[in-house]
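Multiple structures follow.
Common to both upcoming complexes is subunit A, partnered first by subunit B, then by subunit C.
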Partner chain A sequence: MHQIACHECDLIHDIPPMPSRGAACCVRCGSVLFRAQENSIDRTLAWTIAGLVLYVVGVSFPFLAMKNGPISNETGLLTGIQLLFDQGIIPLATLVLLTCVLIPLLQMLGLLYIFIPLKLNIRVKYAVPVFRLFKHIKPWSMMEIYMLGILVSIVKLGKMATIVPGLAVIAFGLLIFVLSFALSAVDEHMVWEKLGEDS
Partner chain B sequence: MNEGNSEMKHVEQAPEAQIQTKRSFSIIWVVPIIALLIGGGLAFKAMSGKGPEITITFETADGLVAGKTQIKFKDVEVGKVTQIDLSEDQSGVVITAEMNTNAKLYMTDKTDFWVVRAQIAAGEVSGLSTLLSGAYIGCNPSTEGQKTKQFKGLEKPPLVTFGMPGHHFTLQSKDLGSLDRGAPVYYRGIKVGQVVDYDFNHERDGVDIKLFIEAPFHDKVHENTRFWNASGVDLTMDATGIKLDTQSLVSIMLGGLTFDMPKDQSPGALAEDNNIFKLFKDRASIEEKTYTVKKFYMMYFDQNVRGLSPGAPVEMKGIRIGEVVDVKLQINKETQKIAIPVLIMVEPERIDILVTEEGVVADAEEKKEEFEESGDNRYDFVKAVSKGLRAQLKTGNLLTGQLYVDIDFYPEAPPVIAELGGTYPVIPTIPTPLEQIAESVSRIVKKVEKIPFDKIGKDLQVAIESLTAMLDEIKVMSGNINQETIPKVNSALDRLEEAMDGIKATLGPDSALNYNARQVTSEMALSIRSIRSLLEYLERDPQALLLGKKGDKK
Partner chain C sequence: MKATHASARQLGLVSCHACHLLNRIPKVLGHAFAYCSRCGEELHQRKPNSLKRTWALLIAAMVFYIPANVLPMTITSALGTTQADTIMSGVIYFVTSGSWEIALVIFTASIFVPFLKFTILIYLLLSVQFKSIKRPKNRTRLYRFTEAIGRWSMLDIYVVTILVALVKLGFLADIEAGPAAIYFAAVVVTTMIAAESFDPRLIWDVVEEKHE
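Right, the complex of A and B next:
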């Protein structure tokens, strides 16, 4: 029988057998200890794979086209970062590269690395450190902030030039939702339990 | 009961339905499948949307940017420059470009590419938008020709683009003159086309000028149409005067071509595309008939030939029959005699020859044959000279002093034996009629001498004398008027003045008449007043007439 301590009041509980859906609550303070996710592995995997597809589309297709009379300029996500590097704004470029390109990719790859073996009931090395890393980098994924920035610039620059959103904008917009669905489908308690069984 | 119990038991003993807790396929897997389908579709579209990759060589990559410069046809993007490299021998640049999918159709060796930059040429400003957006590569696709992926870019943009309706023609000319690419072609003053290209002909001794006439004006070009150079100002000065011929200001600056039909020719069939024409030098030359038969004659003058130049007309009775070909100077070393041989060319086809024996005027065609057949008409020439055929220099234009050669028959001229020995038959000359002028001047002098100047002088004197006498008479008459008439007038005026004084005394304000009159008037006024009072009294008291005044009674 596993035990769990309440996050709020540190009361130790025995975990009863969980139904497929439901929340385990602290008997003293009433805060939620963990939620049981129905079909967690399938859902996480499905959303993650969809996210990866959208990610590839978002990175490889043009992001924005800016037109002002005969002048036309088309940028993708990576070419935009490249431009920032070229202009010497290296800290900002690095930040954008990390938060919008690398970390979301790492997150999705990490999820695949953990959930595919879980789904197939096989054991892989370094599953525990990978899952820990996944939990650590989670706050650094800031694609939605990037999207907000893009939206603001579309509104602000709309008067100066015609902004044509590219396919990548739609893909990234969807990716934000898909990735949050994938993350919410992760049943951390179950993952730890399964990883614990293995070790 | 038992039965009921057994029935109940039977119900209780029924097997439990199997509960499937794990779905073999979760609906959630639809999401990544849809994402994959969309992503795959996009990827396929992107992959299939990529057209052929081509290379174009240019001399310079000025204004071209890899990844940005577009390839456009009719201002629509058909491709994009992806890479710019130096060519292997460093003499130019190689541009790699990615074309759209449908560009496969026209990737042939007839397709042209050129760089469009802002330029001012041929009276047009073009490519201004490239100042802001940067240069782009223009393209003139052609589906004919062999498929290729390596192109050589044109350094100058061609002027007519693919698919424009109209016809191309080629003009053969000795030199290009002031023409340039884009020089206008006018028909009756309206621009209907332009010079597209020019190059040396195969032998490199002339120029082939390619031009394009837009539809529907290409219908105006027939097989007998003549093109001529309308460039600039055409100032001609010859025996007929000064002629100034200009086209529009644009063509003066840029050069230009015009075409029209010679007045006396039928247009002929419609000219086909790529037909070849000869370029004439000016308008006048297209109207000139081209005569094939030419005869040369020599003449010797011994007078000043200043103003006689090659090309000067040879006229007979004022009609041009040929022109001067050459003027030279000969000095006989022994006799020191100067002679000026003048070679002329006569086009006999300009003359209709009346064949007197048959009384028929030979027409142009027969005549041509006749000349070609006979070849040698020296007998006719000798006959003509013996009948007085002479050449003479005449001043064509007093202003410019240009001379022309006049050929005519002078039956009274001294007979000359026709010379036939030299290269050319020699037409005898007669001097410019200076003597005739001198003669007529002397005739005028004689007539002037006959005028009786003495008698005219005498008559004039008499006339003046009688005029003086008449003036004297007038003088005497005016003296009479002074002495006799004026005093009488004066005395008459004196008397009139006296009479006026008398009248003044009688009628003046202090005169007796005036005083009396005033007295009478006042008297009359008094009597009128008494009458009025009497009448008033009578009105009040009418019986007074009968009874007298009442007051009298009292």
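Right, the complex of A and C next:
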């Protein structure tokens, strides 16, 4: 079928031949119907792999160290969450674990699972449910907000002690951009068309 | 973009939530479930019980918003004294200590954004229920805006968890997460789900019905 309904106002549009780059918008409500991307597969893969490397650095190294005379304290994303679990603040610990660790990871692995087979022109099982899941978890990936949280904390604690930003801050800072480039390189319409051909 | 003059609903078609494929509705829908022929997602003409679900989640969020603002967010103990800070007293602390940018960021993310979201969602819900046909395009834009801003309210939750992790025993000061943190997290999660439950196509259904 060469028609599409706007997902915000339900108006039906004929799908026009798209240029290699550009967005098609609904004529009635103005929402983006779909966005065509140049080299979507290659660009998504490149940014996602870069993102995974930064993610590993960001999660495993401490992002802040706090020095007050002889005493020094460091914290990383995982050690911070561990500490919340130890203190019994389980709902908050779970929320941070999900939104800043597990969901971003799942998002990037999901992209690899979809786009590597597309690149190699092979079919894999469960590509359709994986891509559906990818779409559903998207709003719950909140690393960029965590990054802003780190900045606010630096200001807040700067008056109590000396704060030394760690390697993970740089990794996180880059990851936010890299991840958003990866996500915007995804041409959803193209992916669904390709996944649809298989079945 | 070439458009027809009908919505999917008027032509008896259903657009899949996940992959946007147009599906023909099976004649006898009844209570049976229909699934997208391409991606297998359950099909709904409109998000199920959209208005009721959005109202319920919105009211829950507004209830949580009260303890989230009244109870302390962080409890700081230093040199034998303890100090409990609510979201607002944290904002005031930043203003008085000169970091008004940070005060503005926290005020916007924690107090203003949830409040704005409540207001916009209530307006959208009422406008659909009272079958308003005014400015549907602007209302759709408002909806898109609420969907996008909600997540930024998580900021204060993250700040609290970072502070708790960093300022632990061994220091002269100690920061603990207060009871408001949980309520505030609940506000953010419920408003996000509430915004997702609302179906902006309901705005346009009313407009189409008036024209028919």
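A few notes on this one:
Basically, the second predicted complex is superposed on the first by the 186 of 199 C-alpha atoms of A that agree within 3 Å, B and C clash if a C-alpha of one lies under 4 Å from a C-alpha of the other, contacts with A are read in each partner's own complex, and residues count from 1 in each chain.
Here is the rule we go by: a residue touches a chain if its C-beta (ideal position, glycine included) is under 8 Å from a C-beta of that chain, and two chains touch if they have at least 3 such contacts.
It should be emphasised that the depicted structure is a prediction, and the values quoted were computed from it without experimental measurement.
Placing subunit B and subunit C on a common subunit A by superposition gives a fit, with no clash between them.
Contact with subunit B, but none with subunit C, is seen for A:43 once the two complexes are overlaid on the shared chain. Looking at the superposed arrangement, the partner reaching more residues of subunit A, out of subunit B and subunit C, is C. Of the two partner chains, subunit C is the only one that A:150 touches; subunit B does not reach it. In the overlay built on the shared chain, the residue A:120 is in contact with neither subunit B nor subunit C.
Residue contacts after overlaying the shared chain place A:53 against subunit B, while subunit C stays out of touching range. By the touch criterion stated above, A:61 is placed in contact with subunit B alone, subunit C being left untouched.
Residue contacts after overlaying the shared chain place A:3 against subunit C, while subunit B stays out of touching range. Contacts of A:80 after superposition on the shared chain: subunit C is touched, whereas subunit B is not. With chain A used for the fit, subunit A forms the apex of an angle whose arms reach the C-alpha centres of subunit B and subunit C; rounded to a multiple of 10, it measures 100°. Superposing the two structures on chain A brings subunit B to within 7 Å of subunit C, judged by their nearest Cα atoms. Annotation: subunit A residues 71 touch subunit B in one complex and subunit C in the other. Chain contact summary for the complex, subunit A toward subunit C: residues 1, 3-5, 7-14, 16, 24-31, 33-34, 64, 66, 68, 71, 73, 75, 79-81, 83-84, 87, 89, 91-93, 95-96, 99-100, 128-129, 131-132, 135-136, 139-140, 142, 145-146, 148-150, 152-153, 155-157, 159-161, 189, 192, 195-196, 199. For subunit B in complex with subunit A, the residues that touch the partner chain are 21, 23, 26, 28-32, 34-36, 38-39, 42-43, 46, 129-130, 132-133.
Only residues 1-4, 6-9, 11, 13, 15, 17-22, 38-41, 94, 97, 99, 102, 105-106, 136-137, 140-141, 143-144, 147, 151-152, 154-155, 157-168, 170-173, 176-177, 181-182, 185, 189, 192, 196, 200-201, 203-205 of subunit C touch subunit A when the two sit together in their complex.
Taken in their complex, subunit A has these residues touching subunit B: 20, 39, 42-43, 45-51, 53-54, 56-57, 60-61, 69-72, 167, 178.
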